[in-house]
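Chain IDs A, B, C and D follow the sequence of writing; residue 1 opens each chain.
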């Protein structure tokens, strides 16, 4: 690959909130020779990854694997349970919630988009700095006496902001309103990094993807189902074929797929599940919490606000850093990329140019994050942004205080 | 990958008609570290692969790359240009044509399925042993005075049978009928093995995938478009979001995608295009023709019929071998797999148990095919099937007669 | 690697008697990141490979691993136990025995080179078509009343001819002569393919390398020692430093080396040992015997002599094929290489141009050998060599008769 | 490789002074299939790497590549030009100079070991903190009126201390003394990181290895020759075979070797040379200087002495850090390894427990070194070592001041 071979020495630091850095073990696994997806060796792999994913989603019910990237799994969730013109209640936590809302519109559904109004003192939209307010959902559902709303759709970990939402609280809100709407959750960037309990939290469809906590390249995505979602899908009338759960779930019982699966990424998924389940989910979650704490310690030391304005819902996966008004956050990102070979996430949608995002997920560790924070601190200074103190020193203090949970 | 590590010494012989054997160069490319799909290095790769694909499709118009396997690209072709209840004319060349027809039904379209009636002396359906009969299409379109038929859908290289169809003749039939229907062609297993001229043959949408002639693992798929198809898509009313051409074509101009692309398979595609275009399409086509001739020489020497009953439309990609009635072709395949570590394609749908398929595509060469034919010949004998002569000797004669075109 | 990337599609067939085709598992293992050869992870690998090698050599005594190719291990064997001017008795079985003899001369030793005299009806040297004649050794040792001969050096599997030698018989000959000479055996191409019992056969130093039966790339080599060899080394006076056993054996106890080892090839060795010992040596030996039988069946069917003229000592690792006098075997090899992408071994030394060698070792299987035999058969015909019959058919008969031992 | 797969997430930081971190490009290259080392493709690789190495050694004369690790190349240098009992003048710059001296003794040479006497205020041996004092060499050679000294052997970059030596000054000293001794230089850890001019500096034999500046795994090593060295080798009488230059140089003309080369590491060498020569030696040297400056800035900020006590001869490759007397430097290293997954070099020989070494070579960059320095700083604090200030801050200042030379 000539294009990538001109890179100078040393590893690129990929600190975007996904695709996350992929462990060599997984990269090696996906480069194994493609095999016959109708043969016996394949079935063994197929069964293994489906069963492993059930552990990761914390569910006993079917998990559907699509040979497509995450946006496809959003569409799959909608087309399997919705009929033309159905109302869905969505919640504006950020850019990805907005894109899912837009998709619902393109699919001829009637989405309603709840949000907190206005901007705060930073000029940033309030709703993009806080998680889902479950009481707004409850209130809206109570008002829906005719039960026209067929589903509540929320984002578990907003990749555009670094804010998580309390999914159990949303479940309680729906129950309190005694409303039959399905609960559909996008945990594309939450799964395998933040705690996500599909069954216990009463989620009907959880949507996720490969390129975040599972540390795979993009290209496969997931729908975890509830019995109620499966039942609903039988009478749902949006046209569906590629995304249809029925045939996939049926054939998955034998470890196969109705059409050609993404064999090589399933090799990677098998390896990923060995890593994640081998460590145990509690260790995986604790690891991300530790990294998030260190990054926030650095941001606080710099004297910059985090995008997340609610202490209770900081994401363990990424941290949004708001730059002083008047600075172009994208120019800072570019400077850091060009000088220190470090990629950061851009401000998206309503946040464009106002913030950048530091990913702390995937194949990383304490010292890799120290490298990243060093690069950001040098870049902020080079960009002329006044800093209150050294974020690098603050993060070192945090990391030195306790060993990493996996050690 | 413990599951694959228990394999005995030596390479497995993957002689199914796709996924094809993937060259090491490509496996290595797809194991490069995933990069930021919003960064500058990515755009260079994105532009390169789109431009390279245009050469392979022999088109000057947009080629859309989906992060999904081939079945998704079938759906994409339909949902972009169709409106609910639209009539489409499809042609039964085999199992995959039947599946596409079934998909049209699931998407609430009104497909009409042309075919040659009856079975022949072998008991096999006539329509599954011959290519598209363009005159049947012309006749049907002439009868459609009100132009209710919106598209003609045919399969270029039927993977279930080893029969190709004359796409230029289908174009001529449409033109002769002065019918405005779009011409939509599935060349999933034809592209980059058999000649496919998107522009010259007046195709409106060509559907293809990665895991055949392009020698990639499955996971990305393609729609090549015509201006007429693009125009039609603007008013088509089937709901579409993930598959919608508009945003993808727009963002592709800069080398990017509206959602996360399948980055690592794009690395592989870049490498594949270097290989295919580096050799030149004429060499690639000649190579497959040579392999097909040798395999047919072997089948003839064994005294077994090929699934394709028309000399003019033998596939360069795979050969269907009909086993004597009374033998279970799947049992023969299993015996060959277990004894000689060789995977063959099964008879699908109406052909189940009556034939097997030998793939001759992907990362292969003369001696690899000699190995495969040796395995099949030994297996046929072990299965007690009487053979007229040695197919292996016949193939050696053919291969010895002239050097491979790339040498 | 631009040089290797211009290769046409399909795998090269590497049918030389070593370096043998390397399994992907091993290639992947050697591409793992190099680690600190003084750290704790390294020691675990070091101990594992030394212990595993003891199983392969069938010894309870130390096995020394050198970060050098096999020729180095020849030198190591000599310099550790010899003093300047020492007499050694060597036996001319072929080219590699001759090279070892030449090395002894360069090291200022006094080698004596036993052989069977003359040429036979084919014009080939008799001694290069038969294994070691143990009675000649016994006779010579009996005549050495003053015990000036310090070591008997023989080649277990002559890579230049495809003839093995009966090492147990050589041991008996030394014992029968009541001679104290050390028994030193080159089993570079025998180990892990042909039975080799270091302890049971009373070998004092067995020399071997990585790139044959162990299926690794070249670059590491071995000396298996006896207590007598170790004792002798303490007073031997040839200068030695890099090759000196003492420090290596001492540091190996902890899993380390006195100088930088070849870390990445040790990864490969670890994987190789998992494969070889996982299958079990009896299966490994039976596998090579089967392959050798099939190749000999083919050579006999062609009506060509094998280089080995003694039925009892055919090599399980390679087969020498004598071409009719008047033909240039190297031209045949070149034709086969250029037309069929198949590498064969050349005739070496006294056999140059008179024969070629087919390797049947490493990562191979029945069908791969069928491919190779097909290539050879086509090449022989294209070269105008008259063949008595089809070797390919003969080999198919043999392979079809019984399943491979590992299945 | 189960042993390495138990590693937690994130890359290990290999900050020892070699083996250096190997770029993925090189790891991938060495995992290409092993080919026939007598075939035409091999010759192309052979010629390319020899020619490329001449550029790296800055010589027009032969460079010999051994399939062995660096210690072998030391031995090769000595046995090719020395005769039993020859006198050689060596210079004690540290542990590796001492080991080379010890090797000369084992090979029955008469080495004389010059050094600066005594210890300094830190208790460390003076001679291990400074480079070669050329005037001592000149003085000794002047005294050698009978020219019994056949060679002067010095280490260019002492890997055990982080001190370089002025090789041009040694050449001048020999010339000033009008002495015919050969100049033999160990630049195992200097080549391709520090400037090394084989021809211009009048070196007769430069010894080097793969696992340092060339960023390869260990396993191949080099002798760069002068015409005078080649001439001398013709009459030198130490026994030699594996190491003998004559046959290697002869066969290298065609791109081949007299015995099996380390094929897969030569693939890596080919890739390494593309990287090093593609950037240009001046950029490579400047890159290492920058890294060394940043690391020294950190050590100074911590208030710890560097092992190198002479500002003029700081190594660009590694930095020795002296820990306060009373602390066990190895315990600090272990703590850092266990807590932060970072490997540092140990104090060797006379320095054991008194210092540690930070490597700054191989596949690294500014942020990777920031990670390493963060790990060291946290570790020093956790070990209770009082620090004068933040080395991390000092290094950030240096890195922010100017872009890396390759950007």
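We take it that a contact is a pair of C-beta atoms (placed from the backbone, for glycine too) under 8 Å apart; a residue touches a chain by one contact, two chains touch by 3 or more.
These figures come from a predicted structure and were not determined experimentally.
Comparing each option in C-D, A-D or A-C with B-C by residue number, the pair that reproduces over half of the contacts is A-D.
Comparing the centres of all chains, each the average of its CA atoms, the largest separation from subunit A belongs to C. The chain pair with more C-beta contacts between its two chains, of A-D and B-D, is A-D.
Taking only C-alpha atoms, you rotate subunit C by 180 degrees to land it on subunit D; that is to the nearest 5. Centres computed as Cα averages put subunit A at a distance of 35 Å from subunit B.
Rounded to whole angstrom, the centroid-to-centroid distance between subunit A and subunit D, based on C-alpha atoms, equals 46 Å.
Mean C-alpha positions place subunit B and subunit D at a centre distance of 55 Å. Chain contacts: subunit D has residues 11, 28, 32-33 touching two or more partner chains. If you check the complex, the residues on subunit C that touch subunit A are 24, 28, 32-33.
Taken together, the subunit B residues at the contact with subunit A in this complex read 1, 3-4, 11-12, 14, 16, 19, 21-22, 27-39, 41, 44-45, 48, 66-72, 74-75, 79, 84, 103, 106-108, 209, 211, 217-220, 238-242, 244, 259-265, 267, 270-271, 337, 343, 346. If you check the complex, the residues on subunit B that touch subunit C are 5, 8-11, 13, 23, 25, 215, 275, 279, 287, 338-342, 362-368, 370-372, 374-375, 377-378, 381-382, 390, 392-393, 396, 399-400, 403-404, 406-407.
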